[in-house]
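So, here's a batch of structures to check.
Two complexes, one shared chain (chain A), two partners (chain B, chain C).
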Partner chain A sequence: MTETGLATGSRPVQEARPATGMRRPRRPLGVGLARPTVLILTGLWVAGPLLPLAVQAFTDQWFYPDLWPNRWSLAGWEQALGPQSRLAEAVATSIGIGAAVAALATALGAAAGRALAWHRLPGRRLIELVLLAPVLVPPFAVAMGAQIVYLRAGLADSLTGVVLAQLPAATAYATLLMSGMWAGVDPALERQARTLGAGAWRAFREVSLPQLRGGLVVAAMFAFLISWSDYLLTLLIGGGVVTTVPLLLFATAAGSGNQAATAAIALVAVAPPLLLTALAARQLAGRDTALLGVGR
Partner chain B sequence: MTADITIADLDHTYPGATTPTLRRVTLEVPAGTRTAVLGPSGSGKSTLLSIVAGLSTPTGGDVRLAGHSVLRQPPHRRDLGVVFQRPLLFPHLTVAENVAFGLRMRGTDRTAIRRRVAELLDAVSLPGYGERRSGELSGGQQQRVALARALAARPGVLLLDEPFSALDPQLRGDMRALLTELHRREGSTTLFVTHDRDEATDVADTVTVLLDGRVAQHAPPADLFRRPATLTVARFLGGADNAIPGTASAGHFDCPLGRLRLDTDHRGPGLLLIRPAAIVVGDHPGDNVVPATITAVTDRGTHLDIQATSGGVTLQLTTGPAAPLRPGDDTPLWLPPAHLSVVTP
Partner chain C sequence: MNHRRTGLLLILPALATVVLLFGGGLGYGFAQSLGLAGFTDTPVGLAAYQRVTDGPAFTDGLLLSLWISTVATGLAVAIGVAAALALRHTAPGQRAATFLAQLGLPVPHLIGAVAIGLLLADSGLLARAARTVGVALPALVADPHAVAVIAEYVWKEAPFVLIVVLAALGGPVAEHERVAATLGARPRQVLRHVTLPLLAPSILAVAVLIFAFTLGAYEVPALLGSAYPQPLPVLAYQRFTAAELSGRAEGVAIALLIAVIAVAAALAYTGASRRAVGRVTGARR
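Right after this comes the complex of A and B.
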């Protein structure tokens, strides 16, 4: 240490810092507050519209310009969950379709992702563009076209038809996600496993699969959520025979005008995404999964 | 248990490539022996190993293990162990689980697996490392685990693809000694691919030199240096410093140095090869002593590099660091017949 250091009295301060280096300069207060502020504003922006919903579901009297309802009630829930309500059935249908879509899309996505990540495919760019199509093409156009095709194929008005109709978009997402996961798995490891007596399928199961587990969970979750919130395809292909939660929600909102019941059903529709996101966050905690920004 | 490897007329060309990677490669590795395939990068040696392992398919020829053609068998049915340049330990498994992998694939029962894993971790000097993850080990330790893993199921054949090239030189020597020791214990027929001369001669009892996809020579290490089959082999092994043109006949070679006695199958015009370190300074009873004049002496500390002329031919030789030689000295040089070879120019 130099004499100037002693003279200015800065020496003890510097000594007190850990000797390992990494001296972090003190940040101005404004910068320190920027992050929490952005987080809170973003949270409000996303969750804000849900808050009145949570209030609405528990009252039958909340009129403009009151800031707060003047009477609480469970009438909305009684209606939503009551004997003549079809909510339970709709939830079961949604879960069934969602589970089927999640399972199929994840399996297909894992297989396609491996091919995309590990093999030099001809027209790879084109394939990637096609995979992005569900994001780029207006859903209405797809749904209208799909309805004609499924009607001709005799798959309309059935659960199978709805699952098949929802599958392309879910598979595209799963494939994009899984190709990122596969890119992080060393193909040489499966080769090594094969020389140690594992067949091709066993080598995949024993060596690559455990490394993909986090990605598979996220892919399945995405696929389930795409299915869970789908309205248009289910309406057109399901033909009113297949009633999922979004369809019931829309029907209740448009048909009954019962705001409390509508809010209650809306809360039921929102619950699984929140629950699954929390589960996925736990699954991804501590993992280096930089996929689509998820978990990082 | 241990199996002989027969490689017969193996051809390989990568799809879309114009020149073949392997051309009519024939090689025999008797059961329980160690053969090194030595070649520069791009000589096709890794492809050769990959074909024996079943990870690549040849365009022609055959591979037999223990007398049976294995070309139609997938890698996991070939009863072999492979160690690559990278350790390739399974990241989600512990060290013990990695070593146990091959045994588990073969359905070995748990007690036997535990016993064998402990035995092998001892053999590679990593006792008590079983519960660690591969990421906690150094490069050398990882490669030792990879060796143990490859040998765990007692394969008839052990294939090694540049297994020590990624390690630092100090460690490489230890690993060679370990490999020799493991081979003595386990006895698997070993085929070893390397670009490193010292590694090949250190580890193997027979060396196959592979140049441009062809077997250039197949011989015990000492013969390889003493009697290179071609000028290219001699150059690759660093033994073409002295190449003297002349004519070979039964038991003799006539060149500007005079008539030298040697044993060669070569007839007619050829190049005489002798390594600098094989030339002996001073007189010697018998043939092959030539008068020479020292023209240059370079002290390398560990040895002297010397240039001499004899009959208008420049010779390179090396001696111990204390040899009392100066430029201008006249001295006889002995060219020992056992170290002379003749190749096609």
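Right after this comes the complex of A and C.
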């Protein structure tokens, strides 16, 4: 399964660069489309479905078949942020769970990534396969089986339980990402530091860590986003007691019929992913972001 | 420093997390589906699997799940690859497109489902727009063909394909293409016999990830799907949370069947990607 490396970054893939100087006489099919058109289409594609949310959140009267709302209102926000909706609480819960998952998964992934990139491991294929399993097997198959164990251990309906349930997938992604990052760090540098008398920890902290900083940020961000997006694991293990933003959003979307409040909550839920990605865009090579695509 | 033991010690925490928390749940779920463990009144054996696969709800759900995943994967790959090929020769275009596509990737599917719902519902924007030009649209949300579910998956995953294919195009693809062109291949032939086969491993990898994910995803069909037939994840959740005890074993059984299909697709891909590259470069990776 190492071939999935192409999509996951465990094998370094060169970033796409234009062939300078060499222009091929005839371009292959598909280039016939004007490029600005493709670019505009990409923008419309990504933003198109999200923009109506932004309109919907600020109106309470947008009757069919009007193409534009005939009254603006903050009623949706009042409902979403009001005392009954528990949105602020849900945001805090989501951030808390996400931070815990991010910290744990990044630490585990950084250690495992170093082992995968630098060390000889017995049964490497098997280890890689095991680490890839959470990427391929639908996580709820696991959560359904594990729910009883969480119940018996007293971890069901608790924040700890939800963190533990979300951790394997986040760890798998963090490991895949960090093994790619470690592969770009030269092991000889740490050896030199050791030769000069530094201990193992100090050699890591002062030699490799500075080079890994960007990778660690990206890994933590991915782990956080995996946690932030999760719905079903939180529902199954959290039992509806642990209310995160996705749970609130689903309940409002499916149960309330209040489209303005639904849109308002959706905007709150979509802001952190967009902000984090935009801020980290410079850190992200195409291959790294590819991970986000499956980072539920 | 490259001692095996250090390596094992470093990888052990992550491995243990996945094996215990993931593999443990999977194994315990398997035991439950066989009536060997858990709160269940299911007799030991394959009874839960028989009950689950018996009847039209499972067959219809399986067919719907396969339909959704196949169509969504096919469309997302076609659109993503076409966009990548159209953008490949412009550096600024690529950067801008990659940035835009990157922004879409981390949007949770649930939000995508809410947004697509607002867009495609009977009173959604699309229906309003269609009405102003005098067209009446059929139902797109909660319809038997799961149009809205597929639309959400394609919307979310096509940018993912675009990014992966753009990254793969930076590899040795251009060189092989030049060789083929020098040898007199027409653009169409280059695309058909060189570019696409060389991209095949990336495309297939992405396709498998999308297929496996859409097969097991719950919230999008739960929000945008119809009441019947229900795709397998929704069916599994309903059985699992049903009032009767036997439902738990049945729910886990359906979930495990989904996992088997997803893993089988991944294994099929491993073989296919090796063959595809071998055909062009003559090398087996």
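One rule holds in what follows: the second predicted complex is superposed on the first by the 245 of 296 C-alpha atoms of A that agree within 3 Å, B and C clash if a C-alpha of one lies under 4 Å from a C-alpha of the other, contacts with A are read in each partner's own complex, and residues count from 1 in each chain.
In the analysis below, contacts are C-beta pairs under 8 Å (C-beta built on N, C-alpha and C of every residue); 3 or more make two chains touch, one makes a residue touch a chain.
Because the structure is predicted, anything quoted here is derived from the model rather than measured.
Colleague: Would you sort A:253 into first (chain B), second (chain C), both or neither based on which partner it touches?
Modeller: Once the two structures are laid over each other on A, A:253 reaches chain C alone.
Colleague: Kindly classify A:207 by the partners it touches after superposition: chain B alone (first), chain C alone (second), both, or neither?
Modeller: Touch status of A:207: first partner only.
Colleague: Between chain B and chain C, which makes contact with more of the residues in chain A?
Modeller: It is C that touches the greater number of chain A residues.
Colleague: So in the superposed three-chain picture, is A:217 touching just chain B, just chain C, both, or none of them (first/second/both/neither)?
Modeller: In the superposition, A:217 contacts neither chain B nor chain C.
Colleague: Regarding the shared-chain residue A:143, is it in contact with chain B (first), chain C (second), both, or neither?
Modeller: second
Colleague: Looking at the overlay, what does A:231 touch: chain B (first), chain C (second), both, or neither?
Modeller: So A:231 only meets chain C here.
Colleague: Touching A:120, do we find chain B (first), chain C (second), both, or neither?
Modeller: second
Colleague: Which holds for A:195: it touches chain B only (first), chain C only (second), both, or neither?
Modeller: Touch status of A:195: first partner only.
Colleague: Common interface residues of chain A with chain B and chain C?
Modeller: 191, 194.
Colleague: In the complex of these two chains, what residues of chain B are touching chain A?
Modeller: Residues 53-55, 74-76, 78, 80-82, 84, 86, 88, 90-92, 101-102, 105-106, 149-150, 153, 159 of chain B touch chain A in their complex.
Colleague: List the residues on chain A that touch chain B in their complex, please.
Modeller: Those in contact with chain B are residues 186, 188-189, 191-200, 202-203, 206-207, 210-211.
Colleague: Quick one: in the complex, what on chain A touches chain C?
Modeller: 1, 3-4, 6-7, 13-19, 22, 24-31, 33, 35-36, 38-39, 41-43, 45-46, 48-50, 52-53, 56, 64-67, 108-109, 111-112, 114-116, 118-122, 127, 130-131, 133-146, 148-149, 164-165, 167-169, 171-172, 175, 187, 190-191, 194, 225, 228-229, 231-232, 246, 249-250, 253-254, 259, 262-263, 266, 269-270, 273-274, 276-278, 281, 284-287, 289-290, 292-296
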